[in-house]
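Presented sequentially are two complexes of subunit A, the first with subunit B as partner and the second with subunit C.
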Partner chain A sequence: MALVTSAQRQRRRIAALLTPGLTWIALAYIVPGALIVVYSLLTPKLGGGVIWELTGDAWDEITSKGRRSDADWGTLGSAAVRALAAAAIATLPLVAGARYLRRSARGALVVATALGGLAGINHLASSYNNYTAVFARSVVWSVWATAVCIGLALPLAVFISSRRSRITKNALLVAVMIPFWTSMLVRTFAIRFVLSNTGPLNNAIESLGLDRQVFLNTRFAVLLGLVYTALPFMVLPLYAAIERSDRAQMEAARDLGAKPPQVFLDVFVPLIRPGLTVGSVMVFVLSVSQYLVPTLLGGGKTNMIANLLDLQFGEAFNWPLGAAVATLFSLITILSLYFVVGRRDGADLL
Partner chain B sequence: MTHESSDASTGERPERGSVTLQGVTKRFGKTVAVDSIDLEVKPREFISLLGPSGCGKTTTLRMVSGFEEPTSGRILISGADTTGVPPHKRRVNTVFQSYALFEHMTVAENVAFGLRVKGFDKSTTATKVAEALDLVRLAQFAQRRPAQLSGGQKQRVALARAIVNEPEVLLLDEPLSALDLKLRQAMRHELSRLHDELGLTFIFVTHDQQEAITMSDRIAVMDHGRIHQLGTPSEIYERPASRFVADFIGETNLLEVIGAGHSGGMPAVRMATGELVPLAEADNGSTVPDRKLLLAVRPQRVTVTAADQPSEPDQAAVAGQMAELLFLGDSTRATVMLADGSQVVALRYNDAGHHPFGQLRPGDPVTVGWSRDAACVIED
Partner chain C sequence: MSATRRGPAAAIGATAGLVYLFFYLPVFVLVLFSFNEARTGGRWTGFTTEWYARLADNDQIKSATLNSILIAVTATAIAVVLGTMLSLALDRHVFRGRRAAEQVVYLPVIAPEIVTGVALLAFFSLVLGRLNDLLGRSAADALRLGRPTVVIAHVAFCTAFVALVVRSSLRNLDPAVEEAAQDLGANPWTTFWRVTLPSIAPGVLGGALLSFTLSLDNFVITFFVAGPGATTLPIEVFGQLRRTISPEVNAISTLIFAASTLLLVGALAIQAGASKRRLRQFRQGDSPSGEAPLPDPQHSPQHTWEET
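Right after this comes the complex of A and B.
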């Protein structure tokens, strides 16, 4: 009897501890989330809000072919060509480095297929309707931002991790995180100033005797902003993964005759794989929902999903359409998270 | 104090599997990890670098494998100078202390790694991997991952992964230190068997004197970056060349004595308590110079008899008082206090129901003795 009571008490205590968190999740995520799905099926009210009449108009709008769309069999064909071309370009270094890549061939093939597929889908989506075009743009740029972040963060994390003194390591890590301590709005305006036609960058270019360039309101500016904002989210998990990795395994690989590129691909990358996954997911999710960067650095010309949402809820007063976009966006994010993280690395995360 | 073997510089063509260290020094900043070491490892020899942690043995090993470059001096492997040769180009392989198995690969993939990166074709690799796994008796574990293996099995995978590459020299960095006692003893036999079957040069780093003594052809006892003594296990055990070696290898009675020339045609020393103790005839003559020395006697060779019993001729006989008798299960340990306050320890195996030190009890006056070939003198 005593056992049963103690088990019951235990259960009651767990329930008491979980209640605030679960209530919060319900109020902050589940209820609004469900509301968004419901709104996407209602009739827009002029001036904002919804009329409680069921309709599929919003979903029709974002899923049907656009009025000015040139999507047809030709588009499908050229999308396929682009996909193949992108895959081939991604495969080239693989063939060139075949000596080193025998083991990594499968991984590289996956990357090539993914990039090719992305290029093809992007082409299709861009020419289908305005909404799919914005989705595709957001995804593609976020993929690019993720790739650039990996390229920049990996050497940085290796460098920080290879410092001998604990103090130096911490100082460098803090330096990586310092931008977080300033308001994101202020930071983005600062970049705007640096990139502007009369800003320091263009002044430097002119002092070299070259013509001033337009940086602001270009794709370059948006990509730069995305990378700048998300970089620490790649550096920190990579650093943690490198710190935790068993360096003796890399020595063992060299001892067994592996050349430095083989050590990198066959041992180092698998060792830091959990960090790569976490960093990539964080950078991608942060970038794909970016609002400030495309608004302030892209000049509102190159919209991403958040700009589309702002437009529908804020200016066009078509709440159901905005809700449909938001629902689709959440679905894509959750599904991609599930496929990337949920399967294998989920367990080793952090 | 380095006792070099004599075939170091006879001008013969060095054989495959030899390792030569010539004046090798390694400094890390101001610390001298390895201090001008000379060592000649013969082909197919099982040599141990034995010493306490921080004595420079692992650094020495890492210089042979190429993970550290000597600050000065040079290392020859199979007669070829290795200066500037990176680890992956050296024909040596290492069994690491922490095993360092690739966690994301199966046992078979781990063993195949060295062959794969060197470009062996698939069928050759598969054959060699199977052979190597057979050799370490792990064939049925080929598809497991390292996380699914016990410590001893991981150790054998690490061995297979190294020897499958047919190195000229196998380096073992404290490979048994992470195993429990029983497994360690089993692995000692396993290593000796592999050494016999493979005919490779083994350089074995350990801080465990028992391991070194049971497996090695020769032992280099190291401390503070130097080799204190190089010799066969029995030479090291019976004739320690320094106080450090005598102390480090097993238990030894170290007694302060003074050289006393000779007594009755035999070299002799005088104990601090005044007794004259005869020694076995040394290689370099039959007198001991008149200066302070240390006399080393193993406890197993010390006899303790009642003071009123006559001692045997030719034996050391020193008066003392029984201080302590300690029953150790398989043996009994007697501590005898000499007149000058120094202690002599004697160790005897227990015969069933038979006290190894007879009727002697603590407090009894006794005579400790040892035959003259049981003792050796050490320069202090």
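Right after this comes the complex of A and C.
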């Protein structure tokens, strides 16, 4: 009897600890998220908001073929790309599951097929309608940003981790944490200021006797901004993974005659895979939903998904259309998290 | 990686140097030009502190700063309590639905901010609209988006981050210590105040600083839920730098950068002090020592979500 009361008391204590925080987060994330799905099926109200009448207009608008797409959609070249994209997507699981291939070869094939499929999807989406074009652009830019971040962060993480002295290591880490921690707005503005038409970079170029260049409002500026703002999110997980990895395995591989590229691909990369996954997911999710970078560095109105949402909620006042975009975006994010991260690495992430 | 192979090591070192240059050069240029005399353009003409002096007279910036601090303090005060409670439940108890509870706590960490922003805008307008109808408010004195809605939004994500940070410091506290206190007759309440809290205080303080910074710097979510009445500093600065590139924006950006850096160094110093103390305790006992002092990635906020 006493045991039951104590268990009950325990349960009540847990509930008391959990309820306020969970309720608050659920109220700010789950309820509004569900509301957005409902809003995507309602009628827009002039000046923002919705009229509670069901309609599929928003989804029609997003999913129907755009007027401009007719020229490109039916051509032979487009059909070929479509076939290639389909082939790439179909073979991806086969390639990924091909156990008889060496791990490094399989990894390279997976990356190549995924990039091929992505390029095909991008081509098709860009010519389908404006919404799919913005989605495709955001995804492709974010994949590029993630790839560049891996390329820059991996050497940096290895460099920090191979320092002998604790103090040097910590100092180098703090130097990565400062940009990680400081305002995204300030960092994006710093890039905008440096790249601006009359800015320091152009002055430096001019003083070398060369012509001024337009850097701002280009694809280059957006990609640079995406990498600049997201890079610390890649360095820190990679560093943690390298620190935790068992270096003896690499030495063993080397002693057994593996060549440096083999050691890198077959031993080092699998060892730091959790860090690579966490870093890639963070960089991708951050980049694909970026608002400040495409707004301040990209110019234009509908550069990336966030600009589309801002437009529908803030200026065009078609909330259901914005809600449909947000729903589709969340769906794609959740699905790609699920597929990319998978079950095994998902356990590391959460 | 090994000292015997010179070539790769040099390439790695060079890349690392370039990445640090990439991190700091734009910010350095920004700071430098906040002291530049010329009103426009990126040419250095001479040193001045005029732009900082002008900031002090800029009422919009001042009121936005005040707003930001007020919101950050309120949100942090609530989030520290809620987040610490969550972390205690998640780390010290085993119960059905723990995994689901964990996933809810992780939601603010992984959800794209832009979706959260527009979803909260839709949610708040709906709730405020219904409330106005219910209370019979006219258009003139209707409840609108403002400071309270910003605080509600900020508390949600700050709570999640506080929970993650405090949880990682709870993991370093042996539950046996708390059990001993209870065996000696302390009730759970006393145990928490006299044993648990003093031990995890650095984590709680670190979580509070993180929460304060996150709230202060947040742009995207605030942008959608602030409404015209509660302009925060990032939103004010965004508006100004969109209109024009003026050295005043450089000056305020420099100050924001300096403030966040100071907060970070403060948080790290607190954690370093705590782990040094822990190290000393370990050395007296039989636990393995040699734990990392300063920004041990296992204790610092940005790594907590991959540790579970």
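Here is the rule we go by: the second predicted complex is superposed on the first by the 307 of 350 C-alpha atoms of A that agree within 3 Å, B and C clash if a C-alpha of one lies under 4 Å from a C-alpha of the other, contacts with A are read in each partner's own complex, and residues count from 1 in each chain.
The rule is short, and it goes like this: a residue touches a chain if its C-beta (ideal position, glycine included) is under 8 Å from a C-beta of that chain, and two chains touch if they have at least 3 such contacts.
None of the values given here were measured: they were computed from a predicted structure.
Colleague: Under the superposition described at the top, does placing subunit B and subunit C together on subunit A give a clash or a fit?
Modeller: Once both complexes are aligned on subunit A, subunit B and subunit C fit side by side.
Colleague: With both structures superposed, pick whichever of subunit B and subunit C touches the larger number of subunit A residues.
Modeller: C
Colleague: State whether A:L35 touches subunit B only (first), subunit C only (second), both chains, or neither.
Modeller: Only subunit C; A:L35 stays clear of subunit B.
Colleague: Treating the CA centre of subunit A as the corner point, state the angle out to subunit B and subunit C, nearest 10°.
Modeller: 80
Colleague: Per the contact definition in the header, classify A:F329: touching subunit B only (first), subunit C only (second), both, or neither.
Modeller: In the superposition, A:F329 touches subunit C alone.
Colleague: Under the stated touch criterion, which partner chain does A:V81 make contact with: subunit B (first), subunit C (second), both, or neither?
Modeller: Touch status of A:V81: no partner.
Colleague: Once both structures are aligned on chain A, how many angstrom separate the closest C-alpha atoms of subunit B and subunit C?
Modeller: Checking C-alpha atoms only, subunit B sits 8 Å from subunit C at its nearest point.
Colleague: Could you list which residues of subunit A make contact with subunit B in one structure and with subunit C in the other?
Modeller: none
Colleague: Along subunit C, where are the residues that touch subunit A in the complex?
Modeller: Residues in contact with subunit A: 1, 5, 8-9, 11-13, 15-16, 19-20, 22-27, 29-30, 33, 40-43, 82-83, 85-86, 88-89, 93, 95, 101-108, 110-123, 125-126, 129, 152-153, 155-157, 159-160, 163, 188, 213, 216-217, 219-220, 223-224, 234, 237-238, 241-242, 245, 249-250, 253, 256-257, 260-261, 263-265, 268, 292-295, 297-298, 300, 302-303, 305-306, 308.
Colleague: Subunit A touches which residues of subunit B in the complex?
Modeller: Going by the criterion above, the answer is residues 65, 67, 86-89, 92-94, 96, 98, 100-104, 113-114, 116-119, 161-162, 165.
Colleague: Given the complex with subunit B, which residues does subunit A contribute to the contact?
Modeller: Residues in contact with subunit B: 99, 102-103, 246, 248-249, 251-259, 262, 266-267, 270-271, 273.
Colleague: Mind listing the subunit A positions that touch subunit C in their complex?
Modeller: Residue list for subunit A touching subunit C: 10-11, 13-14, 17-18, 20-22, 24-33, 35-36, 39, 48-49, 152-153, 155-156, 158-160, 162, 166, 170, 173-187, 189-194, 196, 198-203, 228, 231-233, 235-237, 239-240, 243, 250, 260, 274, 278, 281, 285, 288-289, 291-292, 296, 305-306, 309-310, 313, 319, 322-323, 326, 329-330, 333, 337, 348-350.
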